[in-house]
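Okay, got some structures for you below.
Both of the next two complexes hold chain A, though its partner changes from chain B to chain C.
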Partner chain A sequence: MRFGVFWTEVRRSPLRWWLPVLMALDVAMLVGRDTAWIGVWPQASAAAQLPAYFFGLVLGGGAAWVAGRVHRAGLTEQLAASTRARWRVELPLLASTVFYGLAAFVPGAVLAAVVSTPEAGPGFLWPSYLALGVCLVVLSAATGHLAGKLWESRFVPPIAVAVCLFGQTMLRPFRFYVLSGHPQVEVSPAALAVRVAFVLLIAGFALAIPPRAAGGGQWARRGAGVAGAAGLVAVAMAGPVQVERPAPASALCSDGTPQVCVWPENRKYLPVVSAMATRFSSLPNGVLTVPPAFYEKGLRSAAHPEAGGDFQFLAGELSVPMFMASTVLSRTLPDCEVPGGAEERYSQQVFTLDAYLQVRGLGDARALGAGGGPPGVDLREIARVLGLPDNAQAEWVAERLAAIRGISGDCRD
Partner chain B sequence: MTAVTDCWAGLRRYAQAHHLAQVSAGYAAATVVAVIAGGHDFVLPAANSRGWTEMASTVATPLPFAMLAAGSLHSSMASLEQAASGRLARAEVAHLAAALLLAAALLGTATLVTGSPGGAAEGVRNLLIYVGLALISGRLFSRSLSWVVPVGAFVLVDFWGSDGVRPRWWAWQFMVYDSLWSWVAAGAVLTGGVAALVARPAGRSLWPPGRRA
Partner chain C sequence: MEPVAKLRGIRQGYRRRDVIVDLDLDIRHGVLGLLGPNGAGKTTLLRTLATVVPPKRGAITISGVPVDSRRATMEARRRIGYLPQHFGYYPGFTVYDFVRYSAWLRGVPAREADAATREAIGFVDLTDRSRAKLKSLSGGMIRRCGIASAIVGRPQLVLLDEPTVGLDPAQRLEFRSLVRKLKDDRVAVVLSTHLVEDVAAVCDDVVVMAEGRLVWRGDPEALREVAAPDAEGDSPLERGYMSVLAAQGAVA
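Right after this comes the complex of A and B.
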């Protein structure tokens, strides 16, 4: 019977017109962006969680509009005089709003799992990120519902939207979403637990607190205000949503030389990154000093002298050659004092060599990004050199190194 | 003398039916938000390769002003006003102009306090865009739902409006204040909104058809 009421609310909710829009938005937000998240479980989970921020805006306003129908229809007092407990009347209504939020959220999560499975290897979506998304969906719906019920004003839905937007964007300690999910970080269990408790608290208020226009209930509203404020303080005190993860007991390393080690979650990158490392070491005559192993950030203790240059996947593998090129360059050309007046000539030579190494590492010019590489670098010259056989390239690199050492002196000793 | 008193009484009654107190409180709150946000950039999820974009807060701070300005056109006496003469339509346009000017003044000043003159100009331009969209939304879905299209536009522009370096041609809210094209577009959107407001029959929504609220 109760389910029958819930289903009636679902069919009557004005949000039914928005469900296709929200579902399309969810899927578009997953695939209509850079798809480097595909095949890395924590990244896929964070990507599936991300649309919840936008659903929050729509659901906050939508829930307030749905809950305000009692006022618009002039039934506030009749409802207050009902013999049924208030929460039993409100539950199907709030549940129908949450239903629409989740119905739009779940297809994205399923899609993220389906497209990630072939590449990502063992594991699955991280429940913590999905829980964070569900929390934000329920919180927005409950906040909007509560506001729409408490105040009769026509402006409550847009105000609920604004509160969701500015509250989530400007008040960082109360944030319920993350922008990305690198394997080096995870959702803090304490922060998540406090957020779940806070969402349940607000949802409880949304169900049980009587509207102002119904008369009575001042103490319930004041008590709820105090408890809500205390809850917000608790959320802020629980610390940031994401915390550093300890390095895995065994990193995933390639067999080749130089060796490449990545976090196990980033296994899909191992072949492509180890090919990059090989392209650095394959220049003949030992013109470059390549380290025996390249590590992804977070695998080595930060105290290690070279850990600062460990590579990161900032936008998929495109960012990796930049880190590797600087590691190789700093091994090949130890820091030297550059004589005054020669800085410009020096940095132009170093930038040229650096750009060459990045493009060689990745295998194409996308390594330099949309900006077209460091200032003053002749990209056509680099393209010409990369077209030469490896021997000739090594000669060109040796000339550049000689020129640089000519400016700054050779301080390898 | 009587005529002046009548005029004031008429204004007072009009303002009462159009939620003057609530709009004033809302403007005050939106101004406070704009002052606090003025000097900051917002970091929001986006479709570029980083997965997020850093945008001037003036992409978001005009939203509450626009939703309040257009929403205040809703009248508690809407059903009675169906029988109103053309005078009401003129009063509504004057109402919108006053609400828009006040919002522009508050938002511009608030952004100037903590931000820059250029930021203030961008805020005002974005206000024009959002108000135009809110008026169109009011005509589409009824005046109480003026907020729907501006929120949708914010979501689209925020997520897909930039390729990571430059704004797309249709993401006028992201453009710098000296981009003529963005001002032309803002003017066009506002003109479209005003046309939607004054088109006959006044105040009827297109979806669901004919609702007046």
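Right after this comes the complex of A and C.
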């Protein structure tokens, strides 16, 4: 019979029953939040990393349970008489928990890669984000293991793990996860290195610190507490998890007018965003002042400092019309001041025109979000206008612009 | 013949309280019965012998090697099989897994561990149940499994702390025959018990402890002979034991 202590622990770990739950949580968090990450490697990488935070709660609770088995089973005395160092005895336990964490994490990462490949073009998942995810898996397992050793209660350790992990949400400098992976940012190597070191430190404590049940070891536990606190300070001082990324030497730009440039990682959006820009510029009679180019955030300063307008992909392409409409409006109506006493009338006209531009840019009303756009905007009127020929739409826009200029009085043409 | 274990001037206790005081003891092949009332220090002595707790003072030698460093302690542990009174086990382990795990804890080399595990399981006659989970076994079988875990890898010294507690008469008889088999295997066994019948059945040598001291040593026959005519007890051995304790003022 082939035997390995590690595989025995894997076979008998209660997490074997929880693995489907962990995997379901992983996939649910991957595709349940949104799917805008599909086809953008850094976004897919960040999306694959994030579920580790959520199933980390379950994993940490499981780790606490596994670690607590030693004293629940009454093995403390036999282990004390063992020829194996305590950490050697604990290692298979912690390793089996990490094994289940990775078994839940890896399929999500593979899924993210598989569904992204067709659209994303050259490249692959970014290892730095995956490393963050693995850090979270090990951190959850190690924190749970440590809690399970320190508290014999069946309930305190999972609560301790939950507090530790939720604490990250409240205290940004201590976060081990990112919510998104825009191409403009990347994982800071320093922050990642410090986090990896911290995770290894906690894992070391989880293995080596003697449990309370074994008696003694007070100084070791106190020392570990001090070292852990120092490690947390180091994590906070290492700076944010993500830092700005230098703009690429050559952005990916469309051939049309206005030109649209995106980060190479966002190549999948280029056709749809180019079409949006074209819809802004296609109104006849020059009623709108459309910039010659639109640049995704982070590209303009590198290319043409003064020209064009910026946009961002906040949840896929849906946010782009908002940025483009804002740019077009500010260029069409420069220097407009809102007159005292006419704020409401002025805002309503501007909001209406802005909403029209957004819906025209995207091609449907999703551009206005779930709330249906700014207050006081008549969406049926906008839908009616968008059904008109371009000439008629240009006239409607011209009327709105005239009304705004009439209210403000000091807008330049 | 060199004793398997030698204790000299052992003082042991917890914080300021001494549980064992200036104890000298040689342990040789055969079965040494450790008798004494609750609180006499039997378990503390076994824990000290098992190197679970280092003595406050004194020296321990296992198989001629002084246990005076971490390395020596680890080496000694390879030669010692220890079954605590409340020995722990994972209910989900099979008999094989549990004994194999114990072999791993003892540091039995991986290439020998499988054979050693099978041998220990065979010794306690559980071969046909080696794939059974511990939670499915009776108390007697679990105790046999515990003995297998203590003897896996053929330690030279086996420490059994109150191993018959909770066993029914049939299971106790079974256990005694196992201890006799150990004796035939030239293993030194220290059997801590408060059941005089266990001593009568299997021990070659008896030590009586009271209040942390070794107060009497001899063979079971000698213990029978020291029985006072008016001593309490249902058997000559029990009366001998009670007489020893009475002489020490350890019984009311």
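Basically, the second predicted complex is superposed on the first by the 390 of 413 C-alpha atoms of A that agree within 3 Å, B and C clash if a C-alpha of one lies under 4 Å from a C-alpha of the other, contacts with A are read in each partner's own complex, and residues count from 1 in each chain.
Operating definition for what follows: a contact is a pair of C-beta atoms (placed from the backbone, for glycine too) under 8 Å apart; a residue touches a chain by one contact, two chains touch by 3 or more.
Only a predicted model underlies this, so the values are computations on that prediction, with no experimental measurement involved.
*Asks:* In the superposed model on chain A, is it clash or fit for chain B and chain C?
*Replies:* fit
*Asks:* Quick test of understanding: once the structures are aligned on A, what is the angle at the Cα centre of chain A formed with chain B and chain C, as a multiple of 10 degrees?
*Replies:* If I round to tens, I get 50 degrees.
*Asks:* Which holds for A:Leu57: it touches chain B only (first), chain C only (second), both, or neither?
*Replies:* first
*Asks:* So in the superposed three-chain picture, is A:Arg384 touching just chain B, just chain C, both, or none of them (first/second/both/neither)?
*Replies:* A:Arg384 sits against neither chain B nor chain C.
*Asks:* Answer with first, second, both or neither: which of chain B and chain C does A:Ala80 touch in the superposed model?
*Replies:* In the superposition, A:Ala80 contacts chain C only.
*Asks:* Going by the touch definition up top, name the partner, chain B or chain C, that contacts more of chain A.
*Replies:* B
*Asks:* Contact-wise, after the overlay, does A:Arg222 reach chain B, chain C, both or neither (first, second, both, neither)?
*Replies:* In the superposition, A:Arg222 contacts neither chain B nor chain C.
*Asks:* Which of the two partners, first being chain B and second being chain C, lies in contact with A:Arg16: first, second, both, or neither?
*Replies:* Touch status of A:Arg16: no partner.
*Asks:* What is the minimum C-alpha distance, in Å, between chain B and chain C after the two complexes are superposed on chain A?
*Replies:* Chain B and chain C, overlaid via chain A, are at closest 12 Å apart by C-alpha.
*Asks:* Which residues of chain A are in contact with chain B in one complex and with chain C in the other?
*Replies:* none
*Asks:* Under the definition above, what is the set of chain A residues touching chain B in their complex?
*Replies:* Going through chain A, the ones touching chain B are 25, 29, 32-34, 36-37, 47, 50, 53-54, 57-58, 61, 65, 72, 153-155, 157-159, 161-162, 165-166, 169-170, 177, 179-180, 314-316, 318, 370-371.
*Asks:* What residues of chain A sit close enough to touch chain C in their complex?
*Replies:* Chain A residues touching chain C: 1, 3, 5, 8, 12, 69-70, 73-84, 89.
*Asks:* Using the touch definition up top, name the residues of chain B that touch chain A in the complex.
*Replies:* 19, 22-23, 26, 30, 33, 36-37, 40, 42-52, 60, 63-64, 67-68, 71, 74, 144-148, 151, 154-155, 159-160, 163-165, 213
*Asks:* Which stretch or stretches of chain C touch chain A in the complex?
*Replies:* Against chain A, the touching part of chain C is residues 47, 50-52, 74, 77-78, 80, 82, 84, 86-93, 96-97, 100-102, 104-107, 113-114, 149.
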